[in-house]
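Note that the chains are named A, B, C, D and E in the order they appear, and that numbering of residues resets to 1 at the start of each chain.
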Amino acid sequence: EGVEVLHWWTSGGEAAAVQVLKDSLEAEGYSWEDMAVAGGGGDAARTTLRARVVAGDPPTAAQLLGMQVTEWAQEGFLGNLNSVADAGGWNDVVPAAIQQFGTYEGEWVAAPVNVHRPNWLWMNREVFESNNLDVPTTWEEFNAVAEQLQDLGIIPLAHGGQPWQDATIFDDVVLGIGGPDFYQAAIIDLDEDALSSDTMVAVFDQMRTIRGFVDDNMSGRDWNLASAMVVRGEAAMQLMGDWAKGEFIAAGLTPGDEIMCATAPGTEGAFLFNTDFFAMFDVDAGDAEAQQALAAGILDPGFQEAFNLVKGSIPARTDVSPDNFDACGQQSISDMAAAAEAGTLMGSMAHGHAQPSAIQGAMVDTVTQHFNSDMSSADAVEALVTAVNAAR
Amino acid sequence: MSVAALDDTPPSGSEQRAEVDWGARFSRIAVYGVLIFAALVFLVPLMSMIFTSLKDMDEIRGGNLLAPPSDITISAWLKAWNEACISVQCDGLAPYFVNSLMIVVPAVAISVALGAINGYVLTMWRFPGADWVFGALLFGCFIPFQIVLIPMARMLGIMGIAGSIPGVVFVHVVYGIGFTTLFFRNYYASVPKELVKAASVDGAGFWGTWWHILMPISWPIVTVAVIWQFTGVWNDFLFGVSFSSGNNQPVTVALNNLVNTSTGVKEYNVDMAGAMISAFPTLFVYIVAGRFFLRGLMSGAVKG
Amino acid sequence: MTTLAVQDIKKSFGPTEVLKDIDMEIGTGDFLVLVGPSGCGKSTLLNIIAGLENQTSGQVVIAGRDVSNLQPKERDIAMVFQSYALYPSMTVERNIGFSLEMAGVAKATRTERIKEVAELLKITDLLNRRPSQLSGGQRQRVAMGRALVREPQVFLFDEPLSNLDAKLRVDMRVEIKKLHQRLGATIVYVTHDQIEAMTMATKIAVMKGGIIQQFGAPKDIYDRPSNTFVATFMGSPAMNLLKGTIKKDGAAWVVDHGTEKVAVPRHVDVSGLREGQEVLVGIRPEAVHLASEVAHDSRIDQGWEFDRSIDVTEPTGPATLALFEVDGTEFHASLSGDADVQAGQSYRFKADLSKALLFDALSEQRIAHVDETNQPQETQAA
Amino acid sequence: MQRLLARIMPVAVLSPTIILTTIFIYGFIVFSVILSFTGSRMFPRFNFVGFDQYTRLFANPRWEVAVENMLIFGILYILLSTLIGLTLAILLDQKIRNEGVLRTIYLYPMAISFIVTGVIWQWILNPGLGIQTFMRNLGFENFTFDWLVQNDLAIYCVVIAGVWQVSGYIMALFLAGLRGINTDIVNAAKIDGAKTWQTYRYVILPELRPMFLTAFVVQAHLAIKSYDLVVALTKGGPGFATELPSTFMYSTTFTRNEMGLGAASAVIMLCTIAAVVVPYLYSEIRNERRSA
Amino acid sequence: MTTLAVQDIKKSFGPTEVLKDIDMEIGTGDFLVLVGPSGCGKSTLLNIIAGLENQTSGQVVIAGRDVSNLQPKERDIAMVFQSYALYPSMTVERNIGFSLEMAGVAKATRTERIKEVAELLKITDLLNRRPSQLSGGQRQRVAMGRALVREPQVFLFDEPLSNLDAKLRVDMRVEIKKLHQRLGATIVYVTHDQIEAMTMATKIAVMKGGIIQQFGAPKDIYDRPSNTFVATFMGSPAMNLLKGTIKKDGAAWVVDHGTEKVAVPRHVDVSGLREGQEVLVGIRPEAVHLASEVAHDSRIDQGWEFDRSIDVTEPTGPATLALFEVDGTEFHASLSGDADVQAGQSYRFKADLSKALLFDALSEQRIAHVDETNQPQETQAA
């Protein structure tokens, strides 16, 4: 008996991270059948998953992002992990905001593997120091720094014009300008007043400003090419999740040193996250044991540390020692703990931790449409409200 | 004219061909000019791929993506072939070739054979409603794959071939017949009916006529159909990924897994090498099949 | 025994009626030649007999078996197509041997038979070529070979020799006749060549516009055509038709065609004639001679002598054709090859009336001969 | 018995195809039509909602863009690839030396998965990396080719890459057709005094009519399904400026879990295709019958 | 003036040498008929003249212009293909009018001309059909129409009438001749029909195995064939050749062929003969008569009478063919149509020697006639 795991971590550091999980499971005597489908941030894998489920042949576990766990649970395909969770004390060590995605109607259905933080600002230290620039902590400061950079002939912000990258910035701007409460109201609770408020107009204004700091050739650029621009000093900053670290390290730079990391402007004190879960499907009794072992293994502190060191993210449980993590990782860990306390640990909309797919898609559509056209902020706000309502 | 004896050099001037009066040397040069220019344009992306595949990652990260490599390394090719880690397996693309071959060979063979027979029936053994059947088949070619995915998964589940190579083969056959039928039927439409009449007088039956009379003159269209099906099946991702399971995924899924990473580091040189490696079988088919493209099959078939 | 019966066959292509009630029977070993103007439906009839086209109505019966609904290969026929229909991808050898191959004949036997046929058709050195590498006549011979290699109940030949030279054609004719005798097979043969028709046929069917005009033995067709169409269609140059009126000249009946009077041939049954009746006198060109040449020929016991100035002469080798005018219509004479005649000069001609025919001008039917009046006249197909 | 066999043979031979088509194509189409009237999300659910999905579809700005792009893309893609494919086929048919090499060069784009060539095209078409930079480096300082990053021009980049990919195949198709033409009639046209182009225009191309139909079906099919192309080249961007119905259908159905909406878009798509294809098919088949 | 000259043309298909040094010239308004056995290279030669095949070596000159390297359309020719080569997708009307369309002739004129040609070919009611809906003969007429609608320098006809019935063929022959006279065009015409060849040609070229055997006026070809091949090829049934040895019978030269002796015809120049020389006596079938029929014919001043028992008789209509044996070789006689002969019976025949020919048995060349000895004998093409 063993597990079949559907995931989209197929190459480089990600694959190495999966290898850790596989090894730990095989150490317990279970086999691991790998069903890897990369592409589109898991889009392809999810399509496959659906085909598999419809065919009556679901995998034991499948990698899913926050909100999708809930959607699958609603369809009634997921199994129950409560016994493992109780034994492992998951309820105590996993932050509530993350638990919310891993459970459905009070029962654990998916095991969180990691926590990614999308609201990072990465900066090329040399560019900043040689030009005497300070790390911006608000969007005003960001704008000022960016203008200076622009005058210097340096691209202020490296960006790839793909909808999810646009949306990542949007999350940062909403959080940075509106603050955690506004983010909660507008993005997570879809409060219509908040969505159509002046703050939202200001958010879109800032998006438009940011568009001005991005080079003209950004369309369709992959995020790692944008990172490479920062590495080369062609561009000074990038707003990207902590996975960008891998790209910097591969280029021989150290995050926190040559490449500075800071929370995105104005988001200090809040923590946006996205977490990869392994959702457990209802399987035969024979495989259930292996499945439980897999779930237990995922939440094992040793595994959480080992895995996240490779992956570049931070553990999903709060009781793992930060010592082995790099500077930015350590900051992440402490920030998450603080945010969990303060209730400002919130799911990232851009990365599927705020809304079901349909609404998320509608929001991203509006954001990207605005960002890539000369739509006015007011129109954008209106379009956002309409799209969200249409998708509900 | 024996098909087997033909090579790629076109027949000498003494052969009768449909070549028309590009008599003047000038227009001859112009023809070559256009063809070679087009070939160069077609080759640009390939050059770029080759260049990239021969660079190391530092050069790619630091330099012009379209420039030739400053020093050449074939490590990316080796890596893509049998070293690169695709998820938890670090054997490169090599093992997936077998899966793809096991899918592509039966899928192409069955769908082309069925298409040829269908085309034959639809032109030479017309029955009332034949045109309707043909029209319906053709229209079926336009069905969006997005809408077939879920019901097809269910059907495969019911048939018990979900997640298996036969299942993938089956799907490719189902959605390939429309095209292969189209190819053959429209090719056979211009074959003189007298040939089939003669064969039936000579005592050839339904199958004999097809096999002995039509197939030998079908090479150009078999080529076209094989190229179409082979390319389609070999490069298919959606069906392969949806209807196969972990250890029988085709090479495209592996390539995709190699190339696509959402939060990891991209190795463009390996990606390009992988893409080219996975295209080799298709290119091989083109070159082999291309031999059947030469003329001389129909000419002089009939008097009228 | 009747081998092949075609019963009430009708055939239309859409609105075009191509065959209108074709009805005939031939016995085992009969050699039926179909003749008729281009487009009259000969090939269509063959196709229907072979089962390659579906008749609109009617039956085909081969050896007592109604084959109307059978596939061609079940009818046991061989056919030479007017358009050859050679298999382009096969060598000549395989083209010829294909039917044997289909019948499962052993390779050695096949090679043997192909060799025989190829020798007969003089294409032995072409056996390894493909149809596209052959000349027109060679293709036609391969098409013949495909039929000759077999031994079916019925052979269908659609102008199988049209592209061959005279010499080869004579040889082929002989071979086909031999084959016919050897196999005793029934043959239906379409040709435009009168010599072929006359020398090979045991029965000729003359068709026109999808209707059989006359069905009978070659000699009958030639000597006793049932109407002017058949009379003028068989024979080249065509039979001359002189329009005239029946007159009584004493006890003798004559045809007065304006300038001269021609005696009603002795073999014509005059009992049905009436004075004033419009008739056509049919005289074949080869029955017209230079009077000087036949002056002493005692056999011409009823002749018609006249002087005419020749308009055109055409030497064809064995004969010299002379064209002149009689009563405003063209009149052909086929004189002997060494006749020394010149256009523009006047000569005395003598037409032998012993073979002349009389037609009613209105119905265009031949007026019966004396020896026919007892038995019913054979006109339409049986 | 044998006679019966011969008569039913054609139908018997076709029947596997007919059965497969009926179930796996038309059955599924019917299924989709039904779904399009339901509120299905992740999986088929038969909670009927009337025409809601269609209303939502037409209110969706992405769909609007997708349809508009489909028109531009479809027309240009079909026209250009036919033109280029046919031209190459005709030129290649002039007793060309090394025909095989050229043929393979034209065909190879089909061989390489767009998952990767898309990246190359991104680079080539990207003003900062590709042609524009190349030309500027050559000294043409004002050379501009930045369609890829222009909202309203990016779709033409998709056309370019698509045409590049398929033209070779269309060439092969036409070449096969040309190779099947009886050389005698070409000779006759020469004797009749037709110039080269006239021979092609009046004698050869009419003979290729069935091949045009084949090419059209292939192209239309590829145009409608060009999902890889867009995903690999532009990911639908800038914004969703290069959205096509195929990407729309895919993302609504599979990414956004709006199966009902996806089905509705598929149904509309099929109807549109039917409106274009059915008359064409009909006229072709009728024309054939007339000349048969 | 020379319109068409073919100079030293050679043609090989791979190893097969099809034309071996063809060399001939014809003048404006000449009507050249090419005859020869199937596969001898006639169509190939036409194709080379038209520019559809490349000669291996040699030139084609039309109206003084070397066109060897010109495209067909620049050579100003019209051609009827042996295989018809109709455009399958065009109607009959467009098929015929296509060359005019290409020449930019106005629509109205085109329609007019097409109509004329269609009437002439009797295909007016087929104008809207497509080739696949026509019978063989109708297709051939359309193929003719395509050529006749034009007015080029040179017409090339490759067996244009082979699939037509005799009557139509006569009409067509007349039309082609008229066209020839009206346009004064040069025509090269391939046919297997001797009558066509003899009546239409101003010049005949007899080919065999890619070589021109004789080139000359029809009458010369027929009456004075340069060798046994030409002698036996022209004329059907073929000329009879009797093998014998030259003997001197007193002052007279005779040919002793074993059973009988035949006098050397008076017109043969005996100066080159020597006793014991092996020769062939050529007697055409139509020169053989029943002795009884020509008993009184004073014109047969030199005859050879013999008795033979007839093996086979074949009535062809105008003539009756009789086959018997002379010295172990078959001997044909073409008797008059009403000759009452029966197989198995013996008759007395009389052969007219005034047209008989003498060939050297070894070289197979004809032995010259008295009137030829002064001037050089015309054999090969000029």
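By definition in this document, a residue touches a chain if its C-beta (ideal position, glycine included) is under 8 Å from a C-beta of that chain, and two chains touch if they have at least 3 such contacts.
Worth saying up front: this structure is predicted, and the values here are computed from it rather than measured.
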Greatest Cα-centre separation from subunit E belongs to chain A
Most C-beta contact pairs, which chains?
B-D
CA centre of subunit A versus CA centre of subunit C: separation in Å?
94
Rounded to a whole Å, what is the gap between the Cα centroids of subunit A and subunit D?
37
Between subunit C and subunit D, what distance separates the C-alpha centroids? Give it in angstrom.
59
Listed in rising order, subunit B residues that touch 2 or more other chains are 13, 16, 21, 149-150, 152, 190, 205, 237-238, 256, 259-260, 297-304
Multi-chain contact sites of subunit E, meaning residues that touch two or more partners
13, 52, 71-73, 82-84, 86, 88, 136
Two or more other chains touching the same residue: where does that happen in subunit D?
6, 43, 129, 182, 184, 187, 190, 195, 207, 254
Subunit D partner, complex, touching residues on subunit A are 40, 43, 46-47, 50, 54, 71-72, 75, 161-163, 215-221, 356-358, 360-361, 365, 368-369, 371-373, 383, 390-391
Subunit B contact footprint on subunit A (complex, rising order):
4, 7-16, 18-19, 22, 32-42, 44, 47-48, 50-52, 54-57, 116, 222, 224, 228, 231-232, 241, 243, 246-247, 250-251, 311-312
Using the touch definition from the top, list the residues of subunit D that touch subunit B in their complex.
6, 9-11, 13-14, 16-18, 20-21, 23-29, 31-32, 43-44, 84, 87-88, 91-117, 119-121, 123-124, 129-130, 133-134, 164, 168-169, 172-173, 175-184, 186-187, 190, 195-196, 199-200, 204, 207, 210-211, 213-214, 217-218, 220-221, 224-225, 227-228, 245-246, 249-250, 253-254, 259, 262-263, 266, 269-270, 273-274, 277-278, 281-282, 285, 288-289
Which part of subunit C faces subunit B closely enough to touch in the complex?
47, 50-52, 71-73, 77-79, 81-90, 98-99, 101-103, 130-134, 136, 139, 146
Within the complex, subunit C is touched by subunit B residues 1, 192, 194-195, 197-205, 208, 212-213, 216-217, 296-304
